[in-house]
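Right after this note come the structures.
Two complexes come next, and they have one chain in common, chain A, joined by chain B in the first and chain C in the second.
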Partner chain A sequence: MVDTVIVLQAVMQGLMLGAIYGLIGLGITMVYAITGLLNFAHGDFMAMAMYLCLALYRHFRIDPYLSMLLAIPLLFVMGILVYHFLFRRVLKAELLMVVQLTLGMVFIIESTLLLSFTADYESVPNFLHAMKFTLGPLSTTGSYLATFFVGGGVGGALYWILQKTDLGRQIRAIAQNKEAAALMGIHTGRIQMIVFAMGIALLGLSGSLTTSILTMEPYMGLELTLFAFIVFVMGGVGNFLGTLLAGYLLGVADAMGSLFVGGHLGAMVPYGLFVLMLLLRPQGILGAR
Partner chain B sequence: MLLSVNNVTAGYGGVPILKKVSLEVDEGEWVAVIGGNGAGKSTLFKVVSGLIKPKSGAVFLEETELTAISSHEIVNLGVIQVPEGRMLFPRMNVKENLLLGGRNQRAREHVSTNLERVYHLFPILEKRETQEAGTLSGGEQQMLATARGLMAMPRILLLDEPSLGLSPILVTEIFRSLTELNRKGMTILLVEQNVVVSLRSSHRAYVLENGAIVMNGTSRDLMKDERTKRAYLGV
Partner chain C sequence: MNGRDLRKNTGLLLFWLGISLLALGLPWKLSISWIRIFAMIYLFIYWASAWNLIGGMAGEINFLHPLFIGAGAYTSTLLYLQAGISPWLGMLLGGVIAVALGLAIGWICYRSGLPHLSFALICLGFAHIGEIIALEWDLLGGSRGLVIRPAPGFVHMQFQSVTGYYYMGLIMAAFMVGLCWYIGRSKLGYYLKAIKHNETAASAIGIDTVRFRLLALSISAFFCAMGGTFYAQLVLYIDPHSAVSIVAVISMILFCAIGGFGTVWGPVVGTLLLMPVGEILRLYFMTGIHLIVYGVVVILVILLTPHGLVPWFKNAFRKKAKDSSYSPG
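The block that comes next holds the complex of A and B.
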């Protein structure tokens, strides 16, 4: 029998990773809301950030938490370049063109990672990883706590930006009526580019936070993208708050899967939850109004 | 001239909807473009606001060629459109809609004064401040759309069918507010199917038929003209 403490322990870890799933999903949600595009290479940018941390750690012994300061701006710039030279050109193209383009990017990124780092499983410790924290019978490591607080904090901050600032209003305006947004004097093309780059920069943060928690391998990107899509749909397609909450839900489902089922079958639990959700509540947890 | 439309031919794809349209609006004037459904009125506004580029011809705000710059720059110059069908942001509240209207370069610094002014002009909007725009009644939505346009501090206000879907009482109310604004110096270019109300309130008017200007003159003269009477006034 599995006892209560272990279940609680798993729920806690699920919530902590869930903060990150929410952030990964939020990038997809924001980009979809204002461009109508889905980026299948989304998760691969997170993989790139993690491998950047790995390289900096191997060669210079730099802590991933410090590498973050490079990873975030670097991914932001990559986001700008990818948007400007590739995405922008398929804005009005057929959906399949976008799928082709971004799946092509998946193969390029994954092959490049494979050539540069081999297919070995890797992880990179950070200075908090060895620290144990206990709350009653529950215990966790410093890197899980950092992931939870930084990931959750950034998620909350982004939600606040979307709801309360001029930039957030511009983003929501484009999502609700792009032509009307242009008539308000909003430079819609520029906001679309910034939001795309913000979504990619979030992966710089998420990647650097999780180098000691998630095992990295060159092909991890597509699975992360799949998780992001699940969060995106469960959150109610285009609903920012729903996306962040769905992240936590998926984190817990994932943890329960490994605890109660385990192995490859356990890894299917989040997808099972997703299918169940589509059957019972297709509009997502908060519902797209 | 404040705004000049010179020989504009425009449309979507290959089919021209506007054919060599020219018109002018002077500072402080209220000019109406009247015509039936599908005459090309909304296309004309889309060209002026830079949402579509004309195949030939040009639009000028004084010396600046609007057809050579993009929509957000046109807004920053003070050419403000209140589009057909209101085009509010339905899942944002009244105040957020107004703030978006007032965020262009010219208006940005005066947001609080402008907010006070539009609330004074349309007091109901202040009462509905935190209500989502999509839940307002038709009349309130038109007031919000107009107020959102005024927040932008227009040098010229382009109004596309403000009477659409409103009861006659509300139409009178909206036009009374517009007349007051025009008296205080606001330049207005209006496109309308409601010919009677348009001609009664405007100074000059153009008649647009099948994408071409077929008549123009002072609104008073057009009201008396036999052809307009027969075609649009149902007399």
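The block that comes next holds the complex of A and C.
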């Protein structure tokens, strides 16, 4: 029988990574709620942020936490450009068509990463990574803690923005009824662009936070996207709070899978949980918006 | 039938005759490697058309096909390797297993009335689980895969030269396109289109949506699995990454998208355009760069023709006909 301490340790690890899954999922949820777009290149943008940190670390020894200051604005601008030149033009096309467009982007981003960085597995340490923190029998490293607090904090802050600020009210209004929101004088086009770029910028944050935790390779993007989609659906499509919760749930499921089952079969546990959950409770944890 | 119709029909007849002659005579002009590539192109036309039945006509975002292809490839190969049963028989059995899988998963999913997106993700989940099972199950060869020893002979579904595969692929593709054309005009096709446009309304006028979606899924699954056997016999090697591959279904959907979802000729046009482009890019560019160019081509085509090439072409053709002096009736 596995030790309770080890299980608790794994649960904690899962919760910490779950904060990031929630954040990635929240990006997708916001974009989907506002624009109806499904971006299969979502995870690839996060991979781009991670590789940016790698390049800065390799050439200038810059800590990934510092690279964040460059990665976030850069990805925000990239989000605006991609939205303006690509997505805006296909908003009315069939959903699968847009999915294919984003898959075209996946080809481009993954091959570019492969050409510039080779297919080796990489990770970048940050200044907190060597620090150990202990709480009773449990122990963790500084970078896991930072991921948990920053990821959870930003998730909470975003939720607060969505609920309490004018921007958040405008976003929710568009999510509820785009035409009516436009009639009320909300610049729907501009808000859509900002939200899309915000979703991408969140990946700059998540990418820089996880460079020491997740191993990066050029093809990691699609798997991250898949995880983000699972979080998005599990949380109840378009439900912001549910998405954050689903992130934690999936993080724990992932950790439990690798602890109790291990290997390829262990990687199946989150998917199994997702399939089961959709069959028993198709509306998601908290129900759809 | 007046003169104009007759002329039009003769023109069409000549056009199709030319296309068939071209397809039949192509192996004499091509190198062995290109004959092989074309056999693969026909296989993808066949697969994409089979996907189009459920994905294009019924409008589902269905990613279950890696399971079906895997069921076909693994069933026939295992039976051949372990019991010496001819792949021609294994092909049919693989199809039956794929239908059983499709019915089981489809029945669970359709009944709970999942929205499109959740359904798509659940499919991806099942496909991923299938790939992992193939990786972990020793009987299926695990990650080392299964190798078929070359033993040319019709019973073994192995041909002396690659031209044999070319013609088999061509026949399969032609059959599938014909089947799609037939289903598109049958009752089932109209039911599927009704379900695609408004499922609630379709069920309100008495269409048993679950039953017809399951029927379409079974047809699609059966023929996809048969393609899986053909793939195994063409390559003589299968492993989880090639035979239960999510990448394959993504390419199939891509070809349908570029050609036009739900149209009979969409998968044909999309595959015939993109696969040779992909191969040529791979031949002339460095690895990696060819995928970047490929991605740019995909994005450009979608931006220019957001509904696919076939509908765009039809539209342009109709406009031209309207502009000319001829006016109907």
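Throughout what follows, the second predicted complex is superposed on the first by the 288 of 289 C-alpha atoms of A that agree within 3 Å, B and C clash if a C-alpha of one lies under 4 Å from a C-alpha of the other, contacts with A are read in each partner's own complex, and residues count from 1 in each chain.
As a convention for this text, a residue touches a chain if its C-beta (ideal position, glycine included) is under 8 Å from a C-beta of that chain, and two chains touch if they have at least 3 such contacts.
Every value quoted in this text rests on a predicted model; they were computed, and no experiment measured them.
> In the overlay, answer first, second, both or neither for which of chain B and chain C A:84 touches.
After superposition on chain A, A:84 lies in contact with neither partner.
> With both structures superposed, pick whichever of chain B and chain C touches the larger number of chain A residues.
The larger set of chain A residues in touch belongs to C.
> Which partner does A:114 contact after superposing on A: first (chain B), second (chain C), both, neither?
second
> After the superposition on A, what does A:169 contact: first (chain B), second (chain C), both or neither?
It touches chain B, and chain C stays clear.
> A:177 in the overlay: touching chain B, chain C, both, or neither? Say first, second, both or neither.
In the superposition, A:177 touches chain B alone.
> If we overlay the two complexes on their shared chain A, which of chain B and chain C does A:282 touch? Say first, second, both or neither.
Second partner only.
> Considering only the touch criterion stated at the top, classify A:105 as touching first (chain B), second (chain C), both, or neither.
Second partner only.
> Report the residues of chain C in contact with chain A in the complex, numbered from low to high.
55, 61, 108-109, 112-118, 121-122, 124-126, 128-129, 132, 135-136, 250, 253-254, 257-258, 261, 286, 288-289, 291-292, 294-296, 298-299, 302-303, 306-308
> Applying the document's contact rule, which stretches of chain A touch chain C when the two form their complex?
38, 86, 89-90, 92-97, 99-101, 103-108, 110-112, 114-115, 226, 229-230, 233, 237, 263-265, 267-268, 271-272, 274-275, 278-279, 282
> Which bits of chain A are touching chain B when the two form their complex?
Listed in rising order, the residues are 166, 169-170, 172-173, 176-177, 179-188, 289.
> Which stretch or stretches of chain B touch chain A in the complex?
Touching chain A: residues 49-51, 70-72, 75-76, 80-81, 83, 87-92, 96, 99-101, 103-105, 148, 152 of chain B.
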